[in-house]
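Letters A, B and C mark the chains as written, and numbering starts fresh at 1 in each.
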Amino acid sequence: MTGSVSTAREGPLAFVTLAHPGKLNAMSRAMWRGLRAAFVALQASDARCVVVRGEGGAFCAGGDISEYPDFRFEEASLRDFHETDVWGGLRALLDCDVPVVAQIEGACMGAGMEIASACDIRIAGASARFGAPIARLGFPMAPREAQLVAQATGALTAREMLLEAAVLDAPLMLARGFLSRVVQDADVAAQALASAQRIAALAPQAARANKQALRRIHEPNWPPAPAGIGEAATDLIAGAYRYAAGAEHREGVTAFIEKRKPVF
Amino acid sequence: MTGSVSTAREGPLAFVTLAHPGKLNAMSRAMWRGLRAAFVALQASDARCVVVRGEGGAFCAGGDISEYPDFRFEEASLRDFHETDVWGGLRALLDCDVPVVAQIEGACMGAGMEIASACDIRIAGASARFGAPIARLGFPMAPREAQLVAQATGALTAREMLLEAAVLDAPLMLARGFLSRVVQDADVAAQALASAQRIAALAPQAARANKQALRRIHEPNWPPAPAGIGEAATDLIAGAYRYAAGAEHREGVTAFIEKRKPVF
Amino acid sequence: MTGSVSTAREGPLAFVTLAHPGKLNAMSRAMWRGLRAAFVALQASDARCVVVRGEGGAFCAGGDISEYPDFRFEEASLRDFHETDVWGGLRALLDCDVPVVAQIEGACMGAGMEIASACDIRIAGASARFGAPIARLGFPMAPREAQLVAQATGALTAREMLLEAAVLDAPLMLARGFLSRVVQDADVAAQALASAQRIAALAPQAARANKQALRRIHEPNWPPAPAGIGEAATDLIAGAYRYAAGAEHREGVTAFIEKRKPVF
């Protein structure tokens, strides 16, 4: 058993579930590949919102350390793990134009922080805990992953997590601007669902275009990832107004003027 | 009546007032052009601080949707609206080297968020409300505008506003780092004025140079806006020390050493 | 007496002390050069964590204004001061791969804000005060310095400090995300030491690699600083996985699997 990443659909919503029983959903290589496959499929789907969650009361406690001796101690295989498996999964999540809500219960550590950092909305339970104490494991966070986390948490929090191996609680992560909402533990799933339903009732093409624009703020000017990982460079401004004559745009504006509720 | 943007001077201060009666100062095309004209003129003026405010208890509730059927449903005219009218106004505000205080009362939505995001200091009343729920209108925020807002609010807040159509209150926007101060509704104008007076008593060329330096942090690496919109590329470091022999610099340092109050 | 920057070692820890008696440790030119020398040496040392602190209950109250008439009123010498002396010191601090904890007591103003902004972890006493009211002195913050501060404080706080000459207290700087922790004044040194000890017990090469990755997020795309100031451009991804076969990496992962405490 090396864990799994599965996708379920309920109408316009998709639920991506990280599952690795007995390991607080620690990400195995197979799970990173599963994460990539899940989000490549979702990007091509008609889903209007995705909820990412963990099974059994944890979000994700990190990487599956039991696999590490197989590949970590040789540079080429280590690079392949981070640049292809891990970044392949995270990049597919980042490149997904469908809005993504993170439903965060319990441990959100290491790989869990990376996955949560790539989501749009983050809703956590009051007892959730956040960190990336891999300095205890003797290795750094890979550069792309460290920047993803730092851009989501702010540089100060990332430095506390990586240099002090600090573990932060949910109220502090709310104050640091990483979390959208902190709710009672028993309400996390319901609140994540409510957020997803709100999003799904809104204009789907508009959401996709907003995600495309916002994604560009934080693009580091780096060598490209291995072939096939990451979206093609496109001219964001050139395509930005092609929606003009679209049905969704016309419906929204017209409904407002006619003082009725739009149907997207 | 399509609303107006007017400028008044009181000594070293300028007051730019958004006015669109009955529409909570929603921005019409004429108002975006007026905003641009106002800030192009202020940049060339001897004003030492600008207060941007709305008439009648609201800052700005968004765009003037009644105009949208005239131009939104055709790509070229939609592009011209966003890239020339809207971005022309916002870019003139961003390019203004004179410090700008946003006096935010009531609704600060959509276009209002964009205008507030381009100001330096943001002072809001306790009952002010913030958002950009245009996903209800079936269209995305234009890319330059979305990045402006996200850089001012943080990516998380921008995603809540654009993807969830969330409306956030003033205390939350203070906690998110968007607002400088939240004061009682009745005190917003007085507190914005006090901030402007403090700024106006300080060295004006220093303020301009500080704004030039800070502006560069967030310059996206994008295709240039239409001709005439946006400052020329200049070498910030090359010009950074030309103030050395200036009267303002000499007065400030000399006054400190002589233990007297400087007069700028 | 023009002040001093001295370094003391205690096992894996280094303590860099800013001292300018009677001037709340205001930075003289000699001190900026001393800061650079200290961090160039620390980068080449086996120190695992550095604490930066001020002598006598203040962190650093700014620049040594008594020196300013000697060089500030001529462009070439002013440029040389900021680009070589000040940026030389700050850049050496930023380029130091060893984690740096700022122990902030009392005044943290101007040059003090710049030095604190270049540290990784910031721990302040409840009565510490923060600002950069140089607009009272009639001059702007130099561009590289302004961007350093703004990236650490957020743009809003930097604009308040530079345009309003605002002075902010420690609880507000905690809320703004600049400070890691605010503690009782009497506990600042003990808490900074505790942070440094935690960091020093963790994997030192991992810390260095994490700092290299995080540093790149905020590199402005600017003309290079004068020769000798600032690290050489390197390909971060190319070197990111060379640690694979290293002892530290193997020890950390192996210790975890063997359920024992790693020794780095």
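In this section, a residue touches a chain if its C-beta (ideal position, glycine included) is under 8 Å from a C-beta of that chain, and two chains touch if they have at least 3 such contacts.
Note that the structure is predicted; figures quoted are calculated from it, not measured.
*Asks:* In graph terms, with chains as vertices and touches as edges, which category applies: line, ring, star, complete, or other?
*Replies:* complete
*Asks:* Please tell me whether the contact surfaces of chain A and chain B are same or different in residue numbering, using the over-half criterion.
*Replies:* different
*Asks:* So, what's the distance in Å between the C-alpha centres of chain B and chain A?
*Replies:* Computed value for the inter-centroid distance: 32 Å.
*Asks:* Note the residues in chain C that touch 2 or more other chains, in rising order.
*Replies:* 151, 175, 177, 221, in rising order.
*Asks:* Under the stated contact criterion, what part of chain A meets chain B in this complex?
*Replies:* 99, 120-122, 151-152, 175, 177-180, 195, 198-199, 202-203, 205-214, 216-218, 221, 235-238, 240-245, 248-257, 262, 264
*Asks:* What does chain B use to touch chain A in their complex?
*Replies:* Contact set of chain B toward chain A: 65-66, 68-69, 72-75, 77-79, 82-83, 134-144, 146-147, 150-151, 154-160, 162-165, 175-177, 220-223.
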